[in-house]
Amino acid sequence: MSRPSPDHRPATTPSGRPRRSVPGSGLAKGLAVTLRTMTRKSVTAQYPDAQPELPPRSRGVIGLFEENCTVCMLCARECPDWCIYIDSHKETIPAATPGGRERSRNVLDRFAIDFALCMYCGICIEVCPFDALFWSPEFEYAETDIRDLTHERDKLREWMWTVPAPPALDPGAEEPKELAAARKTTEKLATAAQPESQPPAQSKPQPPAQPESERPDRAESQRPARTESERPARGGATEPGEGES
Amino acid sequence: MNDVLDVTLRLLVVFVVFLTFPLIIGQTEHKVMAHMQGRLGPMYAGGFHGWAQLVADGVKFAQKEDVVPAGADRRIFQLAPAVALLPYLLVLLAIPIGPGEGAVGEVVDAGVFFVLAVMGVGVLGSLMAGWASANKFSLLGGLRTAAQLLAYELPMLLAAASVAMAAGTVSLPGILDAFEWWWLPWQIVGAIVFFVAGLAELQRPPFDMPVADSEIIFGAYTEYTGLRFALFLLAEYAGIVVLCGLTTVLFLGGWHGPWGADGLGWVWTLLKTAILAFVVIWLRVTYPRLREDQLQKLSWTLLVPLSLAQIALTGVVKVVIQ
Amino acid sequence: MTLSTAMATAAHTMTSTAHTTTAAADTPGFLSPTGVEIAFLLVGLVTFGAAIVTVTTRQLVHAALWLVATLGGLAVEYLLLTAEFIAWVQVLIYVGSVVVLLLFGLMLTKAPIGRSPDADSGNRWAALTVAVASAAALIWVVVDAFRTTWIDLDGAAAGSTEVTGKALFQNWVLPFEALSVLLLAALVGAIVLSRKAKADAAATSASRPGGRSEKEGAR
């Protein structure tokens, strides 16, 4: 039974087991842990009295920025539990220029999300190509009637105002695409007005055309403008699920 | 007339202590346990840090229906909480909190025997409840209670006997009169044995195998509801008061303190009792529940030999200093 | 067994009752009893009743609990006779430990909540005869022995811890030691019996192939 202790210290137990710490030190350690925890600040959040400090990307509720919605139905299709209801109709816009073609556009009649069904996966927000849906950290919308959890268009718009501003870009990050596009447009217009000036702006490489949903880095004021400027460009894009019918 | 008034007053004081101290300890347990687990504990009842939580609990218990199971032994089932609770009230009578005749409910000649005997009777309540509930969990709880009592009564008695030997008396005020500060290191083993065995007798965690709520659903108290259940809970906390008070009196010198002995002795007693009660809570939060065989093993192979060794040491020292 | 013990206990109580009522007053006699004597008598009656119920009830656990009442009543009687030490030891040993052991044993059996149909031993009359005989003998002996002595309830306690201890370790030290040796013998016997049973179990389990060895079982 006289097994040498692995660390070559004298064995404390007669049975030859490796030297261990003082008997009861484990018990004392346990007591120390609880005592130390007691002296520290407790982690309990006193929620109804004090609002929790939620991170900006908390998935509380989904807000709808209606102006950006093209009724493409992508969100409703991708929704895993089918909790998005969209109704729309088509309107014809008379030609903007004389002799031009009439255009048709979709007008949203109903946009509702049933939060009793929603599982907060965020797929609808990810797939929305026009940044019409946003996460808001608001979470206190419990209802006594389950039917009231179906938030209609106006309510979803109300949530929109609770969406926090996107976090600032990292220093030295690439310019946001909308800004770049807007700047380019103005530059193009400027060059059209003054053909000799500013050739380097034209030679700047075109931003990649892949649809990227980097929406939080867009300023609030950019949204409607971008929609107006991008919608025709995207109209013939390659998105297979874009239900423009 | 004066005697009658005196006795009535003493009984009243003891009764008030009996009703308030367990609640104070219960509330302390709520808060201390919460903070040791990084929580806040009750915060609403009463306004200030939930001080009235146990009052609210009492009101809740009083409102609940008092259910007696159909298959139960009615009388014994209903009697059990009283049997569990009353002994602690009696024990409280005999614990001196200050020097002199005035600071004890009733001077009992064989005080040590009295308190230990009556504390042992309290366990009968759990046994009655366990048997009369007609519930297998309760029966298991009762069995475990009995086994635990049999195992831990012996070391507790032996540890108390050691102090009685040292003091040369079995009267609690007598023991305190004979107390010297160096008894503390002399009787420290006995003190630990007494305290641990007392915890086990009260079925406090980590010795709460008989009531193990996660496996036998509070053991003997499974079928109890409402006020009767509250009485069992009150008995547990009154038991903590009694155990801490007894340990203070027997081993920690009761009203003796480094200073302020005259007139403020009772403060020392209460302070020591409160610290011990904190330790009871601390141990509960820190350690996991001992398994039944570990429980028995701890008593028979560790506490009993330790207490016997303490008695031997006490005897040797006693003979040497005489 | 239980019947005769309890009867003897009850008889003992009666004996004490008789003995004190004749002895406690300044002038021994049954007339003009004091309050303590009346209390003693009443408690004695209750204790006697509890003892009777202990041996006659058909519910086993009730019998054990009535035994608690009987033993507690006896402790009260001791208290009334100023034998405080004996009283608390009675509670500690009998109520606190013996009855708990008894209840522990009962819980291990299939004792039903209600009446046990087979609680009667069939030796009812034999037991009663033995009990009455022993009770009569006890009464006779005790009355004969203590006829002319009485306890002074007003003076210093005759049964305090100090007095009891002095009596036990000065006059009666030899019987006391003999009794401890007896208990020690009982202890050793119990250990031997349990160890033997364990060894037998080990042998049988070892001889059975594939059986759990005793070492494993003990772990």
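Think of it as A, B and C in the order they're written, each chain with its own count starting at 1.
Note that in this section contacts are C-beta pairs under 8 Å (C-beta built on N, C-alpha and C of every residue); 3 or more make two chains touch, one makes a residue touch a chain.
Computed from a predicted structure; not experimentally measured.
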item: Least step count from chain A to chain B, where 1 means the two chains touch; value: 1
item: Core chain by centroid distance, with centroids computed from Cα atoms only; value: B
item: Maximum inter-chain contact count - chain pair; value: B-C
item: Gap in Å, rounded to a whole number, between the CA centres of chain B and chain A; value: 58
item: Whole-Å gap separating chain A and chain C, where each centre is the average of the chain's CA atoms; value: 80
item: Distance from chain C to chain B - Cα centre to Cα centre, in angstrom; value: 27
item: Multi-chain contact sites of chain C, meaning residues that touch two or more partners; value: none
item: Parts of chain B lying in touch with chain A, wherever the complex brings them together; value: 32, 34-40, 43, 282-283, 285-287
item: Contact footprint of chain B on chain C as seen in their complex; value: 59, 61-62, 65, 68, 84-85, 88-89, 91-92, 95-97, 99-101, 103-104, 106-108, 113-114, 157, 160-161
item: Residues of chain B defined as touching chain C within the complex; value: 71-73, 76, 108-110, 113-114, 116-118, 120-121, 123-124, 127-128, 130-132, 134, 139, 142-143, 146-147, 149-150, 153, 157, 169-171
item: Of chain A, residues touching chain B in the complex; value: 27, 30-31, 33-35, 37-38, 40, 42-44, 46
